[in-house]
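The structure is given below, and queries will be raised subsequently.
We call the chains A, B and C, going by the order they appear; numbering starts again at 1 in every chain.
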Amino acid sequence: MSTLIVQSLNALLNTAFLFLIAGGLSLVYGVMRIVNLAHGNLYMLGAFAMVGMAGLAAPAVPAAALIALLPVAALVVALVGAAIEPALLRPLYARAEEYQLLMTFGLLLILEDVTKLVWGPTPLSASTLWSAFGTLTILGSDYPTYNLLVIAIGLMTAALLWAFVYRTRFGVMLRATSQNRRMAQALGINVQSVYVLAFAIGCLMAGLAGAVIVPIQGAVLGMGVDALVLAFVVVVIGGLGSLEGALAGAFIVAVVRTLAITFFPELELAVLYLIAALVLVTRPAGLFSRS
Amino acid sequence: MNTPAAAARGTASGTAPAAAYAYVALVAALLVGFPYIASSYQTILLSYGLVMAIAALAVNLLLGYTGLLSFGHSVYFGAAAYGAAFVVKYLHVVSMEAFLAGGLLSGLVIAAVFGFICVRYTKIFFSILTLALSQVGWSLALKLFWVTGGTDGIRVPTPVLLGGVFGAPDDKVVFLAHRYYYYVLAVFTVCAVLMWRIVQSPFGKSLQAIRDNEVRAESIGIRVRRARWFAFVLSGMFTGIAGVLWAPLNGLATPDVLYWPFSGELVFMTVMGGFHSFSGPIIGAVAFNYLKSYAVGRTEYWQLLLGVVFVVLVLVLPDGIMGAWTRLHRRTRREG
Amino acid sequence: MPLLAVEGLRKSFGDHRAVDGVDFSIEAQRLISLVGSNGAGKTTLVNLITGFLQPDEGRIVFDGQDVTRLPVYGRIKAGIARSFQLVNLFDALSVLDNVRLAIFSRDNKINQVMRLAERDRAAEAEAREVIGEFGLADKWSVAASGLAQGERKLLDVAVAYALRPKLILLDEPTSGVGTREKSFIMDRVEAVVRSGGLSAVIVEHDMDIVFKYSDRIVMMHEGRVLAEGTPQEIVRDERVAAMLGRREGERGE
């Protein structure tokens, strides 16, 4: 019974984490029709930024307070994104779609080594932050409190994002631009700033995902490339461009992973990729897409 | 276009035929004489380059000629390499020709299955689908370690060429830098000629038509999906051949070569050389190989170097090396 | 037996009934004009006949064969070819290659993987012949994107013609070109209809052209056939007079 509760909570944890990273990818595609192959490495950047800052601040503050650095790390990645979009992506909008895949692949390589340059080649850990929160007893099982916080952060981000996209004026502009760029321009919307902001938000989510996961599993080079394909699987299942889809897809993938790790760990990854391929073949728009 | 080397090069537009043949003959002579003028290390490096050139040509069959960007070619390459390793490990056969047959077959079968799924889509969805499917291969190689050796991989020993007709090789390095180099050169030439003929054939023309205007192609009776699938299978087969040739050079079949960033490298080579021309991918593959070896040897931040090169390439030289060369050539000849 | 018989054809896009119960037939070696105001359903009808759309209801019988469920390539094999309203060519290929490709497709040579396309003398000769018939002989090596609009329209028709169809459907073959070029294009079309033994259905807005070249006129309005007949019959038709009267006022392009 206790393992069931722990596994369920783990599935929720994975859902939150996957939503954060896949949601950003989906948002960027939905608004800008760009598939960012470097998205995974932006997530990695967030992880390393968090662990780096935590390392610097650790002697001065109690471990639990380091949690305040999470949004800072996310912001750092958002700023990087805000610099990348106008410099490297904007020149390609007029060209064939394939060029953005090529460009973002180049960015992937660059970010991988920039991360190594800044933080070194060895894996880094921020587990003191994780353990500082201790455990909570849920229905008779002990579960790390930090993990529960991550679940909460994930849900909160989902809610905030939903409110932002569907309740604010900027959200209206965002949706208008994603549906019809030319019409949006004709209505006086500054598409360029919408794009930069959308990309920055996508990066913010990726950075937050990285920052949030680092106390649990540490930061290691190559984690971005691994995570990207997983993010793709989520987004393909849920539907590219749909936030609700990203949440639903994240949940499905999280549950499949949790089940797979328990029952057939060797095929865990293979099963996920096959599901993604299956969805792409039967319902290419995703299970929950609007169009 | 009679000599294989000439066919493999293609002509830059506007070059007088005599000059083109001379140019090609020079390159052919250089390739044939290479082991005698360069060191073993250099020759082995060039072998790697020629092997990647076959794979890059295959990628370009889909990208440049059919308009489909595949980010999943690592699976055809890697599966064939593992195929060779399996032939050694489980069938105890070390014949290179057996490896090649296996590689060709594995490339054909996997590409036929994956291609059937993928060619129903285009553009971004196609690319992501190829990536996702190739990752199935990678994850299986990684996790089923009792079959595939996991991250350690499987050893691929020195194979026997042409049934041992030239006698047993003594030193491995000498073998690789000499006999094996010529074997690779020969297979490369055959593959390049075959692919050249394919793109020059009515089928090849129909692929370009599909690339340019799918609706129009359909409206003159071309069966678009079937043609794409056919191109996909051919591409997978040639990539499989490349994977088999690579295995003895590397000595080991490992999951890295199934991992999706390797597919990205293949695309990188194709784009760097220029995917609008036939010979672009060849140049791109050889150049990329040298660039990567140089970078890896000089700095641990070689991915940064390669990444910057790629970004600059995409922004400034989308036609790649061949594109820039052709433009330069045209300007200096002041064509009418 | 008519070459083409369309029975009870219906096609809707959501609530909009683009083609709402169309019946008509075409004999061999006729030049038919399909006219009507914008939105009357002409292009949809062409798409249905050529296989780019599937009808919700109805049948299409071509040369004695029910082609309603045949995919596009099947209809081309049966003998139906088309051009497009917005000129649709292989812009990067030369005029010769555009036509030659149609010939390869027609002769099932598309599957030839090891032959060199340039070496196919028969295909090249035929392609040159077709190009010549359409007055594009001296532009054979020019890329399709480098042609003038009128020449592109001609090439579009030439490519469809190279398929040696029994029925050719041309969607606004003279739109966007000057009067003299219009006559040039239509003269060519008429010539291939008379000499080539094929029928042509032409979607056309220019009434002068329609009356000058057509054997029969089919007038559509809101998805249905309003009137059908020879030019003389159409002129005397009251419903048509009302439509044409409106059009007279609009004309002045």
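Following the convention adopted for this analysis, contacts are C-beta pairs under 8 Å (C-beta built on N, C-alpha and C of every residue); 3 or more make two chains touch, one makes a residue touch a chain.
By chain, UniProt protein names: A, B = Branched-chain amino acid ABC transporter permease.
Note that the structure is predicted; figures quoted are calculated from it, not measured.
Novice: What chain pair shows the greatest number of contacts?
Specialist: Greatest number of C-beta pairs in contact occurs for A-B.
Novice: If every chain is reduced to the average of its C-alpha atoms, which one ends up farthest from chain B?
Specialist: Of all chains, C has its centre farthest from that of chain B.
Novice: If I average the C-alpha coordinates per chain and also across every protein chain shown, which chain's average lies closest to the global one?
Specialist: B
Novice: CA centre of chain A versus CA centre of chain B: separation in Å?
Specialist: 34
Novice: Need the CA-centroid distance for the pair chain A / chain C, whole Å please.
Specialist: Chain centroid spacing, chain A to chain C, equals 52 Å.
Novice: Just the number, please: Cα centre separation of chain B and chain C in whole Å.
Specialist: 43
Novice: Can you list the chain A residues touching chain B in their complex?
Specialist: 35, 37, 88, 91-92, 95, 97-99, 101-103, 105-114, 116-117, 121, 225, 229, 232-233, 236, 265-270, 273-274, 276-277, 280-281, 284
Novice: What does chain C use to touch chain B in their complex?
Specialist: Answer in residue numbers: 50, 52, 72-73, 76-77, 81-82, 84, 88-93, 97, 100-102, 104-106, 109-118, 120, 159-160, 163.
Novice: What does chain B use to touch chain C in their complex?
Specialist: 197-198, 200-206, 208-209, 212-213, 215-223, 227, 234
Novice: Spell out the residues on chain B that touch chain A in their complex, using ranges where they run on.
Specialist: Of all residues in chain B, those touching chain A are 63, 69, 71, 117, 120-121, 123-125, 127-129, 131-133, 135-136, 139-140, 142-144, 259-261, 264, 267-268, 271, 300-304, 306-311, 313-315, 318.
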